[in-house]
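Paired with subunit B in one complex and with subunit C in the other, subunit A is shared by the two complexes that follow.
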Partner chain A sequence: MNGSGVSGFARIGPALPLGLAYLAFFVAPLFMLLAVSFFADDRLTVVGLDNWRKFLFDAFHWKVVADTLLLGLKAVFATVLLGLPLALVWRGASPFWQRVLLFVAVMPLLTSVVVRTFAWIVILGREGVVNQLVLGLGLSPEPLRLLQTEFGLVVSLTQIEMPLLLLPLLSVMARFDPNLLDASASLGASPWRTLFRVVVPLVAPGLAAGALLVFASATTAFISQSVIGGGRLVYLPALVWQQAMINANWPFAAVVAIVLLVSVSAVIAVIAYAGRVAGGHAHGTAA
Partner chain B sequence: MARRRSPAEISYALVIGGLAALALVILVGPVLVVLATSFTDSRSIRFPPQGFSFRWYELLLDEVRSRPIHRAAGNTLHVAALAAGLATLGGTGAALALAGLRGRWARLADAFFMSPMVLPGLAFGLAALMYFTLLGFRPSLELLVCGHLIVVVPLVLRTVGASLSQRDPALLDASASLGASGFHTFRRVTLPLIAPGIAAGAFLAFMASVDNVPVSLFLSSARTDMLPIRMWGMMESTLDVRVAAVSGTLILVAFILMLVMERFTGLTRRMRG
Partner chain C sequence: MSFTIGRRAALMGAAALGVARPALAAGSVTAAIYPGAWEEAFREHVAPVLKRQHGIDLEMQGLFAVDQVAKFAASRGAPPFDCFVLDPGPRITAIERGQFERFDANRLANKAQLPDGMADEWGVATGAQVVGIAYNPKKLPRPTGWDDLLKDPWVSKLGLTGFGTTFGTVSLIELAKAFGGSETNVEPVFTELKKVLGKIAAVGAPAAMPGLFQQGQCDIMYTNTQTVTTLKDRGVDIEFVAPRTGAVSFITTLHIAKGSPAVDNAYKYIDAAISQPVQKALSEAPYFFVPVNKGVALNASLPMRSLDEMSRFVTHDWAKINPLRAGWIDRFNREMAK
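Our next item is the complex of A and B:
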């Protein structure tokens, strides 16, 4: 296919059907979203910036934006805190255990998000697994409130999103040169120093790739947010859904959706950039 | 070695080992808890489950009393089969074209086609609802297929792209120098090489469509109900124990499919790649 006689069209031709589908069902809808946000009334008759003003000049909305992005960052932090050690253990495991661990890491990805959300209701509920343990061990006189708290939500998102971090992280882990670890140890570095000065910079690209998938998924995880977080914790997805489907206020829903899209994309761009800088730095010094 | 381990080594082993163990418990525990709960004999969802019975599975199979769930499951499978089929065809074509591009344009095209993976699905779901409604369409399974196609196609692009990049260019040159046409080389050399990647991509796309929430949330209606949305309704209102039975069924099906795909396509290796 990379022959010199092949015309440009034959080369990009196979991408045309999907390209057209993207234009019709992806690009055009996003432009429509942008257009709808510039209407002032629900029936889309008067053009105006009213809904943008309504969003931008209300402190409550900014708090929702901040809470949503913070939720995503907390999920990233928690998945890295648990996922990186698991990846380190995976790296040192025998081929058989590597296969088992990989299967365990991927399995949740293929069980529905709704199933995983439901699991956490069973675990965190008043009569759930955690509370049975806490009451049984006499750690607390009454059941703890874990559902409808941000702590419970972050714990749940950690499991729900962990496979997204593990897959790219493991693929980078599998590639790096084990001699570097021995070199670091034989030069007298403690395992901690080796971890932070050698391993983390080397796996930074995989870490960043996973972190941005976790961030994107956690910030838009509407069902987990609403079922585990409950009505008192408001994040952007709930605001989009409520404005579009309950209040039938499309222009305002469009504004919120665009804010979600832009703010999440901005953070993702920063994570991707950080991964490139860290990766480039590590490879620069390693070379 | 006989030397004593330093405090740093001990603390490293304890902390990293402990966190990894916690990660494993958090990954696997919930799946086991749901499976156990689905066999409960009681009307409430609690753990450990009270008694052992198949009553919730029996209720789930009851054609009259679980009709809405059956219809939602049928819709979900219908949409997933079509979306995954179209995504596999379109995605494989696009991956072939992308593999032939180099430099800045290749990176741009790749970022464009992969973007549905990181864009907030909810914003796209709302955009699709507005677009189709303002064009005069009413909610239908066909529209759901169009929406799902966009969000699942990156999975095909990734697995097929990975197997294309691993193929040996010498094989293509050999085929061409033996006088095979481009199409013949594609059919007899490239296609057999990337077939496992295509199969893995098709499977992942199918599962992602079955699982999709953000697009179905906006594009499904009472008539075109989808399983995840139905389950959400069941969890929000009365916490129907049938949710556990549906979840148990989905876990079991996913587990079996995954073992099969692992056997035939080396699925987990491809997902990692």
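Our next item is the complex of A and C:
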């Protein structure tokens, strides 16, 4: 289709309903959020930077920001570590097994995140499946502490967020030309060299898209963070909830929400950029 | 004044991007209600009674306490609902902000059925919470007081929650009292918790506590009788203990919103909610609310035989707690954070 003869409206017309809804229900509230953050008191009567000051000049809050972003990065690392091999297996499988694997990968999305989170209590709990196995095999004299640790949280987030990595990754994998692997092998590259020099760069855009979905979802996973992580692991979403819903301090909640939005967006921008660079590099060499 | 308009617009939008309230039908009342169990319980048991006896339709808006106060504040002059349902803390905030109509309990046909102290000039109780210690009798000896929570063998099986809920706040206040603190001084809790923090089994989100208990992650916690009865009903080994200093009680109250155009209907709604058949239904499975009607037999697991005994339970002054609570919540985050 040649777009040059079509008027501007016809080109953006189809996107208009969604665009307007986005303006009304996302962009406008975002500006309201920003406005609320510049009130100094919880009844929104005095304008001031007090709540920004309260957040920015407190090391505890910065630790919470760092912990939140690190949690996201750990979840991305773990999902990629487990998801990439699975995607490679999927690529080499027969159409029947591809369908089966795809179904298994997407299945978690069909249950609510609340259900998936509570299921992890049953798995990681003191008397849970894992600990029964550990005790049964005599690997430890007493139950391991898995719930309410960052490790347990990352493990459960890896499962909970895995579909978000796999879906974009598999769609890129599906378009992958298998001849490239043979070409790489015939030119003398080892399987590992092929993986890192051919496969990874080619699937980089899908990997990056999946990674940023996982990152955004893991850093804002309020339910999983509070239920699996517990009260001793403090992340930004829990702070927003406490300030907005319990303390009724909307300006401070707005500050925390904006910090969450900005810091998560910043990391996402880096991931997206890395994906583009890696992808561009691959296309450059493959061309 | 552009400033006022801007502020109001911001408030309105932030509080309620929801749909505007529909024009009031002749026979209807709009009640704010806690989402979840409360909403289900009232839909199942209060709405049909109101319709049958008075031909009034009950519209419900699922809102937490803080949301109700905020949403009302955002819609000056045109209350978004006719009735509030609130816990003691937000109730005080709403009174301070002038959000209630004066309440006349004499307009309730069921007034005589209410235990003492359940109605005042601002509203009336619709349910009570009794808070104490819950433990697993198969795994732990019976604790006798709040201080036992931080001693062996209980402390290594203890599940804690912070000041985020009413029951959590009053429990931590009682724990503070056991170590020399008071209603306005919870410092001893932080000092004592610090000593045993490494031993504590779980510091959980309030909503996660029943699940953690059920899975054996913790075998002792502070909670309300409703949670204990619900878990027991599912076959969990759990017993409620009133600490030797007394169980804590507080009430959840109904109030009429200032400027409500349906005050008569609001009274009828409140009257239905406290009536014997409704209170009896709400006190049974799966809700297990603590009733506020003398005509309802109490569940065997409750630490009292009659509702009048509740007047001897420990209560708290939320006018004093409210201003301190945000600081306590913040402090709890910092002290507990790894």
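Here are some notes:
We take it that the second predicted complex is superposed on the first by the 268 of 287 C-alpha atoms of A that agree within 3 Å, B and C clash if a C-alpha of one lies under 4 Å from a C-alpha of the other, contacts with A are read in each partner's own complex, and residues count from 1 in each chain.
As a working rule, contacts are C-beta pairs under 8 Å (C-beta built on N, C-alpha and C of every residue); 3 or more make two chains touch, one makes a residue touch a chain.
A quick note: this is a predicted structure, and the numbers were derived from the prediction, not measured.
Overlay on subunit A: subunit B and subunit C clash in the combined arrangement.
By the touch criterion stated above, A:Val113 is placed in contact with subunit B alone, subunit C being left untouched.
After overlaying the two complexes on the shared chain, residue contacts for A:Ala248 are found with subunit C alone; subunit B is out of touch.
In the superposition on chain A, contact of A:Gln148 is made with subunit C only, not with subunit B.
Of the two partner chains, neither subunit B nor subunit C is touched by A:Ser184.
Legend: residue contacts after superposition of the two complexes on their common chain; A:Ala21 is shown touching subunit B, with no touch to subunit C. In the superposition on chain A, contact of A:Asn51 is made with neither subunit B nor subunit C. Once the two structures are overlaid, the count of subunit A residues touched is higher for B than for its counterpart among subunit B and subunit C.
With chain A as the common frame, the single stretch of subunit C that clashes into subunit B is 204-212; none of the other options in 114-122, 132-140, 168-176 or 204-212 do.
In the three-chain superposition model, subunit A touches both subunit B and subunit C at residues 25, 28-29, 32-33, 36, 44, 118, 121-122, 125, 127-128, 226-227, 244-245, 250. Against subunit B, the residues of subunit A that register as touching in their complex are 1-3, 6, 10-19, 21-22, 24-26, 28-30, 32-33, 36, 44, 81-83, 85-86, 88-89, 99, 101-123, 125, 127-129, 132, 155, 158-159, 162-163, 167-168, 170-171, 174, 190-192, 195, 212-213, 216, 219-220, 222-223, 226-227, 237, 240-241, 244-245, 250, 253-254, 257-258, 260-261, 264-265, 268. Of all residues in subunit B, those touching subunit A in their complex are 6, 8-9, 11-13, 15-20, 22-24, 26-31, 33-34, 37, 44-48, 86, 89-94, 96-101, 109, 112-113, 116-124, 126-132, 134, 146-147, 149-150, 153, 169, 172, 176, 182, 185-186, 190, 207, 210-211, 213-214, 217-218, 228, 231-232, 235-236, 239, 243-244, 246-247, 250-251, 254-255, 257-258, 262, 267-269, 271-273. Against subunit A, the residues of subunit C that register as touching in their complex are 6-7, 10-11, 13-14, 17, 64, 66-67, 69-70, 73, 93, 160-164, 201-205, 207-208, 211-212, 215-217, 325-326, 329, 332-334, 336-338.
Subunit A makes touch with subunit C in their complex at residues 25, 28-29, 32-33, 35-36, 43-45, 60, 63-64, 118, 121-122, 125-128, 147-148, 150, 226-227, 230-234, 239, 242, 244-250.
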